[in-house]
Amino acid sequence: MPETVMNSLTLSHFLMTGAILFCLGLVGFITRRNLIIMFLCTEMMFQGVVVTLVAFSRFHLNDTGQTFVIFVLTIAAAEAALALGLVVLLFRRKGTLDSLVWSQLSG
Amino acid sequence: MDLLLILLTVFPLVSALPLMLPIKAFDSRKTVWSYALLSTLVSLLFSLIVLYKFDFTNTGAMQLATSLSWVDAFGLNFGFGIDSISLWLVLLTTFLMPIIILSSLTAIKTRVREFYFWLIVLETFMIGTFVATDILFFYVCFELTLVPLYILIGVFGSDKRKRVEAAKIFFLYTFTGSMLTFAGVMYVAWFNTMLPTHLFAAAGTWSFDIQTLYLAAANMSLTEQSWVLGALLAGFAVKVPLFPVHTWLPLAHTEAPTAGSVILAGVLLKLGTYGLLRFALPMCPQAVVEYAWLIGIFAVLGVLVTALICWVQTDVKKLIAYSSVSHLGFCVLGLFALDADNTGAVGAVMYMINHGLSTGALFLCIGMIYERFHTREMADMSGLGRAIPAWASFTVFFVLASVGLPGLNGFIGEFLTLLGAFLSPANVLGYEYAAIAGLGMILAAIYLLYMVGKIIFGPLKVPDVHNDDGTHDLKDLNTREIATLLPLAAACLILGMLPNGMLNSLQAPVEQLTYSAKAVATQANDTFVTDANATPLRLAIDDHTPEFAPGIAPQLTDPTHAPLTKTAHRAAER
Amino acid sequence: MHKAEFLQKVAGLWPEIVMLIGATACLFIGLSKGKGPRRSTPWIAAATLVIAALMVCKNSGSTDEPAALAGMANYIKLAVAGIGLILLMVAAGVPNRLRQSIDAEAAKTFEPGDVMTGEFYAFFLLSLTGVMLTAGAGDLVWLFLALELTSLPTYVMVATSRDRIEAQESAVKYFFLGALSAAIFLYGFALIYGATGSTNFIEITRIAQEQMLLNGGTPPGLLLIGMVLAIVGICFKIAAVPMHFYTADVYEGAATPVTAFLAFVPKTAGAVALILLLSLIGWPLPPAIEALLWLIAVATMTLGNVLGLLQNNVKRVLAYSSIAHSGYIIVGLLAGPAVIDAAGATEGTLNNGIAAILFYLVAYALGTIASFAILSCLRAGDREAQTYKHISGLHKNHPFLAALMLISVLSLVGLPPLVGFLGKIYLIGSAYSTGFTFLVVILVLNSAISAAYYLRIASACYFGEPDETVHSTGQLPRYAGALVAATLAIVLGILGNSLVNASRNATTPTQTTAQTIAQTSDAPTQTAAISNPINLE
Amino acid sequence: MPIELIKLIPWIPLLGAVLCAVCCMKPAWRKAAGPISVLSIFIPFLITCGVYSAASGLQGDDKVQTIYQWMSVGGFSVNMGYFIDPLTMIMLFVVTGIGSLIATYAMGYMKGERGYARFFMGVSLFIFAMTTLVMADNLVLLYLGWEGVGLCSYLLIGYYYEKPEAVAAAKKAFIVNRIGDLGFALGIFLTYMTYDTVSLSVVTSKAVAFLSDPNYIATSADLWIPFLLMLGAFGKSAQIPLYVWLPDAMAGPTPVSALVHAATMVTAGVYMIARLIPVFQLSPYALPTVATIGGITALFAGTIALCQYDLKKVFAYSTVSQLGYMFLGVGALSSFGGIFHLFTHAFFKALLFLTAGSVMHALAGQLDLRAMSGLRKKMPVTCWLMFAGCLALAGFPFTAGFFSKDTILAEAMVRGTGEHGSNLYFFLALMGLLTALLTAFYTFRLWFRVFMGPEHFEMGDDHGHSDDDAHGDDHSHAHEPHEMPWWPMNIPLVVLAFGAIFAGMIVHWTGWMEHSIETSTAQPAIALNIQTDPQPTPAYEIITVSNTTDTHDTATEHPAAATGHSAEHDRAHGIHILMMWISSFIALLGIGLAAYFHWLNRPLTDKVAAKFGMVVEVLYNKYYIDEFYDLVIVKPLRTLGHGFYRFDQAVIHGLVITVGYIPRLAGWSIQPTQSGKMQGYGLGMVLGVAIAALLVFKWAF
């Protein structure tokens, strides 16, 4: 990325990007019914946070935020592993990934 | 430390525990019954020892006081102590318990162990409420009485379907009210922590000691007192039950087993009036004076409306149940009379005891015919005076006691409460309350004699009889049943003819409890301070303090010192 | 970071380290082929918890600890270890039963049973470790990781605890919604970091206070929105509105012992996390946050109670009750910690909302765990006993369980003198002390509403006719768990002094982070007499 | 005899009652109850006689004999104590004397009844209550006796409790009495409030002091107390508007009617007013009201009695009417007249009831006048005993009733004429004369109907003596009326008859009763007032003005008291003589008319009755007052009860249930959010976050 572009970008641009990612994830989570896609949406939200964190890290001129990001990514990975295991389990049970089949428990 | 009261309170609980242990001997109904009877008799003995040790010359302070630490950090204690109000109510409890158990031998045939277990456990809690000198200890016992009775009604009640509903309504109704009471009590305790520590010994700390809270509450503004009074009423008025919040009682009574009804009418309802006397009057004197008219109106309404309702009942037990509401209206009226000599309040305490005896006995009587006929409908029976004369004689006797015939116990309380209301200062109740409530005397005669006329008099008509042994002939009272009723009858007569010892012993403690409210009433009467936002009346300690009431004489804060203290700013911020 | 400082931090973490070691041991021993070693895993887990508890006790003497609320951390760790033991008793046999039923059904598709035993206990211990770490958190990163460590194993536990499809359903809901909430509070963390430039609590507090000073008492917008997102996100852990939706479904679907676990462990972690987060801005809370929490508290307790009324499934009832109890806990959060006067002494205990929460968590845990444990002792045919019908007439065939059930629900109602009652006193006292009078009224009315469904449980046990299909699982540890929890509910109610003192000591002697700051920094407006870090009004 | 024995008087009957109750328990013991009861009444009578002179001489505080303190709260103190003054002694004579005679009679009358012991228990208990009532030294103890006699009345009216009408009558009696008792109780409250005591002696002496104080201004309490107490008296003594229970009370056994509902209990109201007459005098309207109600009741009940066919009902209404006279007497400020009439009435009315009981007994319970005639041959003794009673009741010259009734009428007339005469009393006196005519007429109507004319009778169905095996010795010849045995039945009647004829003369000529009343609290206080201050206090204008004439009675005995009033005295004396003539004439006229219409020319009577069918119908149905009360009070109240019950169930309890449903309703309304769908949950969470964020921003900025 050229320097000039970087220079013209302010914190709020990155925050916006993060927020948009986060919100896209949110919307996706609510609107999509495929379990894997829903999970990916939560990952997207995580990534939105990650962007925010990195941006703040840069803004504050310390690397705490970036350290945080590392841990967030780790957790995201762990969740992904868990999610995949779960999805496999669920798929074996019902033969579908539609989240709405999992709505027996209610009230 | 005097362990007597602790022993008195805890003994029933401890003695009940073996009933729940897998002991073979308790498989026999008779053994369990004998054990329970023995246990309650021992309790009676303990209470008699308390009576013996009680110093009647004392001026109304708590006696035999002792305290066990509960939660230091909250200032919570299991405080035991007894004054003559408590003493008589404890004696009422321990006196009724063996009678109740005596009456239950044949009435309860299933889950016998549980029945007696809960009954005896209940005794602990009832005694506990009366001997508590710590308001949360009182509250603990007050609440815990719900559980045994809930189970007694729900398990041993008469109608299978309705009893669970009745038990539920009983529990939830009273519990809801008492939760609000709890909030009110906590408020007073918190208020105490806000007071400057120099005011009195426990000011500015967390304490639930009743005497401390009296002192604290005296410093509350009228608005605060009104809310606290409302909170206390929420619990106690439901328990009494005062007129518009009484509907749980007929339900509970009709479904409860005889023993449950007797306890309920005999003791548990008194917890409400006792609470009003012990807490509402001394803690919110200004609010009491301010709202006595309202409480009085509800009491009077209760007396009259429920009396008329009694008249149209067809179920004998329901009739008596409603009559309790009507009767306790008098009691409340007396409590809030605040007349100079405490005639009303002393009469109200008498009323509690008398109502416990006579109405309890009526429930026993009804239980006895229910055991025989399995019906309580007035239409099903008539002229029983001929068939079972002994039962009829007892019933008529207790009806007369309940009607308030002079010479029997009911009269003393009724007369004194009405007199108290009559003499009450005009800004509290006033004679018109007594005059209107007095109509209840007439109505009581109407509905009770109506009942007597229906079931005891008239042409003989006996429903199907179901005896224990499968036979179907109607038998008059047996020795056990007579032994059940005779002590009650004797008590009714003795209290009716020789009430003076009890009345005299009650005056000092009642004076302590009503003192501040009376002082407010007199002052307000003089100066017509009725503005809700007026500065709280600060009673001068050196002015009206009777010599024997050093404990609760409202302590005086300098009116210029607003009770805004250490933590107040935090509250004020919000 | 100096080496000495590092070592000191590690020393404070010995309980967690022990837990991790125990978890690993369970994991590996669970892999062994022999049944003997696999059977030993519960014992290893128990031993781990005991050792961890001892470690905490040993630690609690030392003064200089890494956590922001060191006393609270120790308290929570001890409570978690102790209640963990009860939970362990209740959970004992979960995998075994899974195994049996899979054997019985001649598993068609998926057979995790053979290797489950060790893993289950490992997850169990890991999740508890997460709570312990949460309590000791001094940094947002730490807090985030600890919370995730608490949650992630529970997802697996839910999914694999039962062979029934409901368990999987509850797992999917729990996991996905949990991930969503994690993202939300993580975003909140990020914004807090952004607003203050640090993830260290002490730093955040200091900076936040400076900013609030400049800003006239309110925190800057970024911090505020970060706090809001974090608070609302963590509400998922304590099952508070608006993140409560999953609760009933998950609690119903999971195996009952796991439900008991869920009802306590994540909730504790969440409550502690909220305490830590709020201590960043200090009490009295900014009005906006206070209003938010007030609304959440009211909504949570009311919603939990009114929905609890409608249920037929006792597990769902207890789930909603757990939501309601979260509402009560938030009341304590609103009240905040005790005020310390000039002399450095607190004026009592009842005005300490944080201590009230700590106490209430234990009180609530005992009642709830006992109820779930009793349910887990029963089976209706080949299914879990769950509905009112199943516990109906319990007194007849299982009088012991019925009595315990009575005690536990009464404790949950807050009937004196059970421990739940002391909890209510504590919360109400603290709420009064901070002027939340109206909230108290709502709280007690909610208690009254809740009595309706708790009573329905009791009345089913005592008044109903027994369901003949219901029989006992005969697992003694569960009986023991129920017994211990119910007994403690009585004992701590009557002899609750020590626990009350512990909860008080956990919060008052070592002051909150904010107070530490207040005393170390020499902000001009601060006077030594004023306890609250910020008091500009 | 030591005066202390007087303390025993109430307790001996109580002991008797307890013993009778014990006798109830075993059939074999039942027979003992009668003698026990009679003894328990007779011994007090002996004591009364024995201590009479000692008791009459008591002075000051000695008059109060306290046993123990019954109850005390603060300043309110009530002793179980007795106030002994001549009035008490007169009442004790009546109660124990007449009581013993009637109880003796009842031994025969009730013989073989199943509830024999129960009956005598009631009688003894009644005597306990009644003696307590007349001896009480304070209002509350008086109230105890007051309610106690009400209870015994209830139990005794309901003696035949298998008969619904007896049960209803008993209930009615108790409840109507209760209405009066409420007034009485409130009166006690107000008295305590005003006088700070309930002690009769203190209250009366304070009232006298007020009356004597020309500067005393009456308070509203002074005005109200008499009216409240009066209500109690009206209830107990069956005056308008509370008289309705007494005729029904005849459902009880006849000795009960004689003892309770004629001789003693119903006169308690008169006694109470007489006892408290200074208190009544404090209110200028109280005594005129009493007199008016008494006069109206006397006339009203007399008219009803004209057309009743039930033997006992006639006497019942006659009792109401005579009680009206007594009230007129005390209302005319002549407590002597009231008490005198009370005294003589006790004799002759007891006699009349008991002889009616004999007739009833003989005719197996037949009470209908139309079903009997010309019984003089069958029952000669009863016939002439009743004749004696009828003469006295009709006011035949020189019988007991003549003197007492005359005293009252003359007193009223004295009040009604002269320079300060009040028209009210004049009219009341005229009403009294009219009533006297009616009395003579209906009394002898009954007597002629029953004993004269052609012999004819129909036996009753013997209700009340039913289904008892032991009872049969008397009724072996149940189809023939038969005379009663001399012992224990007719001998007491002879004594009563003696009293009915001669009691009036004795009292009138010896003057002991007048003297007794003067020395008791029942003496109106005006004489004192006049002596100390001739100017009447303005507040009591009506009474005091008319009372200036009041000294005539005392003047005869105490010339000193009447100094300067001899003119008035002469006038009063003249009126007395005049009234004697008038009433003699009226009595003879009434008897003559009755003889003509009901003995000599009965068919004419039927024609006249047919002509005035409407009037007869109305009178026969007692002016439809019972129906009126039923319609106006009982039915509405019961409807109200039903309404309240429904209200209680539907609205009050319904409200509670509804409130209980609110949480449930709230639950249902938010339950859809728990749809079970993950997206829905996610949406909810996101919305929650959004709302929270918006809220905080709105709040913060």
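For clarity, chains are labelled A, B, C and D in written order, and residue numbers in each chain start from 1.
Keep this in mind: a contact is a pair of C-beta atoms (placed from the backbone, for glycine too) under 8 Å apart; a residue touches a chain by one contact, two chains touch by 3 or more.
Because the structure is a prediction, the values reported are computed rather than measured.
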| item | value |
| --- | --- |
| Chain pair with the higher count of C-beta pairs in contact (A-D, B-C) | B-C |
| Closest chain to the centre of mass proxy, which here is the mean CA position | B |
| Interchain centroid distance [CA atoms averaged], chain B/chain D, Å | 39 |
| Gap in Å, rounded to a whole number, between the CA centres of chain D and chain A | 98 |
| Whole-Å gap between the CA centroids of chain A and chain B | 64 |
| Residue list for chain C, restricted to those that touch at least two other chains | 172-173, 176, 180, 184, 248-249, 310, 452 |
| Sites on chain B at which at least two other chains make contact | 172 |
| Residues of chain D engaged with two or more neighbouring chains | 660, 671, 674, 676, 678, 682 |
| Chains grouped in pairs wherever the two touch, ordered by label | A-C, A-D, B-C, B-D, C-D |
| Residues of chain C touching chain D in the complex | 172-173, 176-177, 180-181, 184, 218, 221, 224-225, 228-229, 231-233, 236, 241-243, 245-246, 248-249, 286-289, 291-292, 295-296, 302-303, 305-310, 449, 452 |
| Touch list for chain D against partner chain C, complex | 660, 663-664, 666-668, 670-671, 673-674, 676, 678, 680-682, 684-685, 687-689, 691-693, 695-697, 699-701 |
| Chain A residues touching chain D - in the complex, by the definition given at the top | 26, 29-31, 33, 38, 99-100, 102-107 |
| Chain C contact footprint on chain B (complex, rising order) | 20, 69-76, 114, 136, 139-140, 143-144, 146-147, 150-151, 154-155, 163-164, 167-168, 171-172, 175-176, 179-180, 182-183, 186-187, 189-190, 193, 204-206, 566-567, 570-574 |
| Touching residues on chain B, where the partner in the complex is chain D | 169, 172-173, 244-248, 305-306, 308-313, 340-343, 346-347, 383, 385-386, 389, 393, 400, 405-407, 411-412, 415-416, 418-419, 422-423, 431, 434-435, 438-439, 441-442, 445-446, 449-450, 453, 456-460, 497-500, 503-504, 507 |
